[in-house]
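Below are structures written as structure tokens.
One chain, subunit A, appears in both complexes that follow, with subunit B as partner in the first and subunit C in the second.
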Partner chain A sequence: MESLEALVAHIQGLSGSPEEVAHLHSLLKQADGDSLRAHAAALVPFLAHLSPETHSLGYLYLLEACATSGSNLSEFGGGDFLVTIAGFLTACSADQIRLAPDKFLNVCRVLKDQVMQLNMPIRGIAPLRTAVRKIQSSPEQLTPVHADYLLLCLLAKQYKAGLSILEDDIFEVDQPKDLFLYCYYGGMIYIGLKKFPKALELLHNAVTAPMSMLNAIAVEAYKKYVLVSLIVNGQVPSFPKYTSVSAQRSMKNHAQFYVELSTSYSNGRYTDLETFVQANSATFQSDNNLGLVKQVLSSMYKRNIQRLTQTYLTLSLEDIARSVQLETPRDAEMHVLRMIEDGEIHATINQKDGMVSFHEDPEQYKSVEMVEHIDSSIQRLTALSKKLASIDENMSCDPAYLMKTGRDRGRFDGRFDYDDYDSVPHKFF
Partner chain B sequence: MSAPSDAAPAVSAPAPTTTAAASSGGFTFKLHPLVIVNVSDHHTRVKAQAACSGDSSSSSSAAGAGAGAGQPPRVFGCVIGVQRGRTVEIFNSFELVLDPVSGTLDRAFLEKKQELYKKVFPDFYVLGWYSTGSDVHDTDMQIHKALMDVNESPVYLLLNPTINLSQKDLPVTIYESELHVIDGSPQLIFVRSNYTIETVEAERISVDHVAHLKPSDGGSAATQLAAHLTGIHSAIKMLNSRVRVIHQYLVAMQKGDIPVDNSLLRQVSSLVRRLPAMESQKFQDDFLMEYNDTLLMTYLAMFTNCSSTMNELVEKINTSYERPTTRRGGRGAFM
Partner chain C sequence: MDVEGEVPAAAAAAVMNGLGGAEEASAAPVSAEQLDVEAYAAQYSGRTRLARLLFIADRCGVEAMQLEALRMAYDEIKRGEDVQLHRDVAAKIGGRLGPRFGLDQAWVDTVTRRADQRKEKLENELNGYRTNLIKESIRMGYNDIGDFFYVHGQLSDAFKSYIRTRDYCTTSKHIVQMCMNVILVSIELGQYAHVSNYVSKAEQTPDSLDPIIVAKLKAAAGLANLETKKYKLAARKFVETGIELGNNYSEVIAPQDVAVYGALCALASFDRSDLKSKVIDNINFRNFLELVPEVRELVNDFYASRYGSCLGHLEKLKPNLLLDIHLHEHVETLYMDIRHKAIIQYTLPFISVDLNTMATAFKTSVTMLEKELAALITENKIQARIDSHNKILYARHADQRNATFQRVLQTGNDFERDVKSMLLRANLLKHDYIQKTSGSRKM
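After this line comes the complex of A and B, so read on.
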């Protein structure tokens, strides 16, 4: 084990070109381990000698040794250490750190823990955001840093900061836990921003992700999923075919109250729903869903007004108030006005005689913007379709799949048809 | 010669090949597609009949004149049409019987046929004869000379049935006979002539119909929609290339590489001024609405396609990775 000075000298010397960096990497791997951590306290002054951009790999190793050394980080002047880590994350070079991804992830986690311990989640947001971008090999990859980053955004109530990460479509996932956490936190951020359709999408992903055993994140996600789908659609759809079997069987048992809430919602009576919510507010509170449940209540009005548009062409405000069980026509007018502004219904309010007339969707599809809109959707769909086709092909060659289908056929026929020769794996012959 | 020795009278007009036309006669040949279809039909029929009637007989008779081992039998026939001045227009054709032994045409048959056709088409004369094969045979000159008493300068139309399908030119050549001095003695030899294809409206429709029945590039465009779209695509491609030619020409003229031609410029400017045909708000609205409709339909089609792929994928994943609760057939669960 080389002495620290020699190691630092190596780092400084060998950080030029990619070959040197690879050489450095192997050196560092040798030097890595508990021995480095044991010297953790001594490492800090050395860090000052190294620059995060050019010596990213070496810096990373030393930093990680310090960070995971287990000793109290306040020894290093906790606040300063945080700044060090943050500075490193912002300044490091992406190519070099990709050589040691797990160490990088460790450093990020330490940052997050620190920040949460200090109760200042907002300090971790900017560095983690750059960290996410740097460790991703492509914008479609999901990393553990995503989940941590979203958690910090939630705690700091900086929902907009989370948006930039959430907008990317994810196609590659390494760890299932990352996916669950990402979808759950992402859904919560969208709820915070009141973008319920997107929240619904993410929570749906969390609920229908493949899982061999039911996990707690999925159950929590399901509870919120029920509430958000009530707000958006007015009903909770049944489990699609790609939900895992374990989820289908046991999910509803864990979310009893929510299922009952959805049934009473579908009855359409505001007062019933209100009494139910009051009765069970303790449960909702413990799940931290009370705010969401209150939004479900208010969405009940919207649902009923929307139902009215399908029956009537014009309606007076008193009638609306009466059928939707609002107290006064004033309330009804406010609700309708808000809905018109949000674009949820198309109507005009005639203030003179208090009549509301409902219209059809005025979109005529004759603008150039619509052309571009549809065109971009088609492009996205083409790209998605290509991806799906390639995944489908991979799936067809998957040995697990072939074994199951080949087995079926073998059972049914007893002997192998020569017609099936192509799809049955050769080992059966 | 193998059994079917009918000479299919297909005097097809010579394809406008790019090789130098040796003909100096100055005749302009116009060929109708009907003739080409007739010849190819005759040839195909004969070939099919020969194949059916037994390989042994055809192989033994393959040693006969004209056929050649392993080659499809040659067919012969007569072509008829109109000759006006220097323009020879070949309208129709009929089949002839060739005597396999002597290699001469059956005159009686020829005359009978001629008479019948005269009744229906009084204007048409026998202009020459046709045959199939890859190149001119030596025996052909005899037949050609034999026909010279019917028409003093007959044409010989040759259809090459072994042509590569990917080639774009018609495998049809028209030969005339000319007196050339070779080795001191005057001889009749075949010289190639150029021709053009001339169609009547009825012919165009039927050729179109036949062309679309069978996909020309190996059956890739199996559906009508795909064929239609391919047609539109090639039309647009051609339009694009023509416009590009004009554009290049104008650019060159602007740079000064080509001398300025005012009459051409006037034509181009009148062409340009014809567009856009319409420019009103209502037109824009309707046009965009229709455009959006088509886009929406495409979107819907893609959506359906994508959903079906997704569905299949989900099925596959479910069969391979999910512990089944109930299975069709049920036996898999016991494994």
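After this line comes the complex of A and C, so read on.
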């Protein structure tokens, strides 16, 4: 076990080129372990000698040893340790840290715990965002840092900050738990931004992800899924075929009240729904869903009014109030006005007669913006189907797949398809 | 029919007490003074006459009619041998018709004893035949036992016996006879799946059938479809029933019934061209319609768009139809359907319709009409919009171009969403991740 000074000297010396870094890496691995952590207190001044950009790998090892040493981090120069970590995360070199990903993840985790302990989640947002980008091997990969980052955004109520990460599509996942947390927190962020369709998408992924046993995150996600479904579509769809069996069987049992809420909603009577909500407000409150439930309530009015636009050309405010079960025509007017402003219906209110005239959607699909929108959609979708085709191709070349289908088809197929058997070694003939 | 001395006095007393004191039957308070119970019952024979009389007695709500029906039922039962029905009727009469119409225990005992004796005899005969293994006699033996059970009201035993004859049927005549028996019992038991089954069996026999039998089978099939709520199929079967049916199937259905059921189902389910070709121009069915001129008027009115009078006729017919054992539970649905069809047909040719004129045509108020129209529009049966301020209905033709654009964009979004989540799931599965119970990591 070399002394600390020697280690630091190595780090400084061997951080030049990739081969040197590889050599350094092996050295560090040897030096790593509890012994390094035992010297944690002594490591901090050494950190000052190292530069986070050029000596990222070494810095990382030392930093991680300090961070996970278990001793109270506030001892290390107070809140400055936080600044140290933050500074490292912002400045480190992506290539080097990718050699030791778990250490990096540990450091991020420590940062998150620290800011949460200090009750200042906002301090962790910027560093973690850069961290996410650095450790991702591709923008489509999900890392544990994603979930932590979204959590901090939620706690700090910085929803827009979370958006930039959420807009990337995720296709690769290492740890299923990360996915669940990511979808759940992501859904909550979209709910906070009132982008309910996107929230629905994420929560749907959480609910229908393959799982052999039900987990609590999925159950919570399902509760929110029910509520957001009601707001967006007015109904909760049944589980699609690809949902895991365990989810299909037991998910509803854990979310009893929400299922009842959705049946009450589908009956269309506002007063019943309201009484139900009030009776069970304690449960909803304990799940932190009361705000969402209230939005479900108001969405019922909206949905009823929208249904009216399908049937009537003009309707008096009293009739609207009556059919939607509002108290007075004044309330009806307020609701309609709000919906017109939000762009949810197209109508004009004639106050003299107390009439509302409903109009068709004025969108003619002829404008330049619409053409651009359609064009970009087409491009996006073409790219997506190309990706799908390439994944399919890769899969059909996969030896494991070929073995399985080859075995099912039997050795001697009617027609020898040489293209299929080309990549299979001869021993399978 | 012989009328005893006490009965008119009792009936007259009931009349004095006021017909208004009608005990409301479960569903509709029926004021059915128009239905002549005697004439109605005369159309039928056998057990269906009894069933219908009892049904009328239960449902009609007018005491005089009820007593008349019960009285006729009592006499009819005395002529037969069903002991259980006798007890039921006597209980229902409850002594209101005088001592002659009470529970006649002596008669019950005689009949029961006779029945037991006959049953024993039949069973011994049957066992004899079975040991001799003569197919024809075994078949007749089972048939006789089936008839015996039927007359005594033990319908499920009758059913079983008739089914047993199947194995011993040799000619197609036998098969047809067996099918007809089974159909009869099944209709009474209310097992209409069997009815359809055996009708198709009978129709498949290789020999050509007697036209009367064909008509009977069609009528039975129509009845089965009606009871299982397949109104369109029922209508088709009824209009295809041959006029040879006449009074030959009075143990199940009367030709007037064929006309009524067929016309109502057709009105509720056929479209305009079918209505014209299969009902109005159908010479065969016209013969049936002649028997019930009201219904014929009804159909013609509907076709000629005289909705007011058509609906008026329907209302007049309603109380009597509610007393019919097969139709009563379908009356409301059929009437609703016919009414909706009338409304839809009315609005079809116009770009704009004044709701006031329409309301007078349908003999309803503007508000009620508006509600009905709103319901139909929501169900997408009428393509229109209501101008509630001026009370006009405007036809609305969806803009295909805009709708297509909307649908395309929506499909694009759905595709994108589904493919992305699918790729994600594929990735999870590819790494063969098994989610262990990670406990609660709620923050």
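Note that the second predicted complex is superposed on the first by the 388 of 429 C-alpha atoms of A that agree within 3 Å, B and C clash if a C-alpha of one lies under 4 Å from a C-alpha of the other, contacts with A are read in each partner's own complex, and residues count from 1 in each chain.
What we mean here is this: a contact is a pair of C-beta atoms (placed from the backbone, for glycine too) under 8 Å apart; a residue touches a chain by one contact, two chains touch by 3 or more.
As the structure is a computational prediction, the values presented were derived from the model and not from experiment.
J.: For A:396 in the superposed arrangement: first (subunit B), second (subunit C), both or neither?
T.: A:396: touches subunit B, not subunit C.
J.: Tell me the contact category for A:341 with respect to subunit B and subunit C: first, second, both or neither.
T.: Neither: A:341 stays clear of subunit B and subunit C.
J.: Counting residues of subunit A touched by each partner, does subunit B or subunit C come out ahead?
T.: Of subunit B and subunit C, C contacts more residues of subunit A.
J.: Where does A:102 make contact in the superposed view: on subunit B (first), on subunit C (second), on both, or on neither?
T.: Touch status of A:102: no partner.
J.: Applying the touch criterion given at the start, work out whether A:210 contacts subunit B, subunit C, both or neither, answering first, second, both or neither.
T.: In the superposition, A:210 touches subunit B and subunit C alike.
J.: Considering only touches as defined above, state whether A:384 meets subunit B (first), subunit C (second), both or neither.
T.: both
J.: Contact-wise, after the overlay, does A:167 reach subunit B, subunit C, both or neither (first, second, both, neither)?
T.: Touch partners of A:167: none, neither subunit B nor subunit C.
J.: After superposition on the shared chain, which partner residues are touched by A:19: those of subunit B (first), subunit C (second), both, or neither?
T.: neither
J.: Which partner chains sit in contact with A:407 here, subunit B, subunit C, both or neither? Use first/second/both/neither.
T.: Only subunit B is touched by A:407; subunit C is not.
J.: Touch test for A:327: subunit B only (first), subunit C only (second), both, or neither?
T.: So A:327 meets neither subunit B nor subunit C here.
J.: Would you please give the residues of subunit A that touch subunit B in one complex and also touch subunit C in the other complex?
T.: Overlap of subunit B and subunit C footprints on subunit A: residues 210, 242, 364-365, 374, 377-378, 381, 384-385, 388, 391.
J.: How about subunit A: which of its residues touch subunit B in the complex?
T.: 210, 241-242, 244-245, 364-368, 370-371, 374-375, 377-378, 381-382, 384-385, 388-389, 391-392, 395-396, 398, 400-401, 403-405, 407-408, 411-412
J.: Which of the residues in subunit C come into contact with subunit A in the complex?
T.: Residue positions touching the partner: 374, 377-378, 385-390, 394, 399, 401-402, 405, 408-409, 412-413, 415-417, 419-429, 431, 433-443.
J.: Sort out for me which residues of subunit A touch subunit C in the complex.
T.: It is residues 151, 169-177, 179, 181, 201, 204-205, 208-213, 215-217, 220, 242, 307, 310-316, 319, 353, 355, 360-361, 363-365, 373-374, 377-378, 380-381, 384-385, 387-388, 391 of subunit A that touch subunit C.
J.: Spell out the residues on subunit B that touch subunit A in their complex, using ranges where they run on.
T.: 284-286, 288-289, 291-293, 295-296, 298-299, 302-303, 305-306, 309-310, 312-314, 316-325, 329, 331-332, 335
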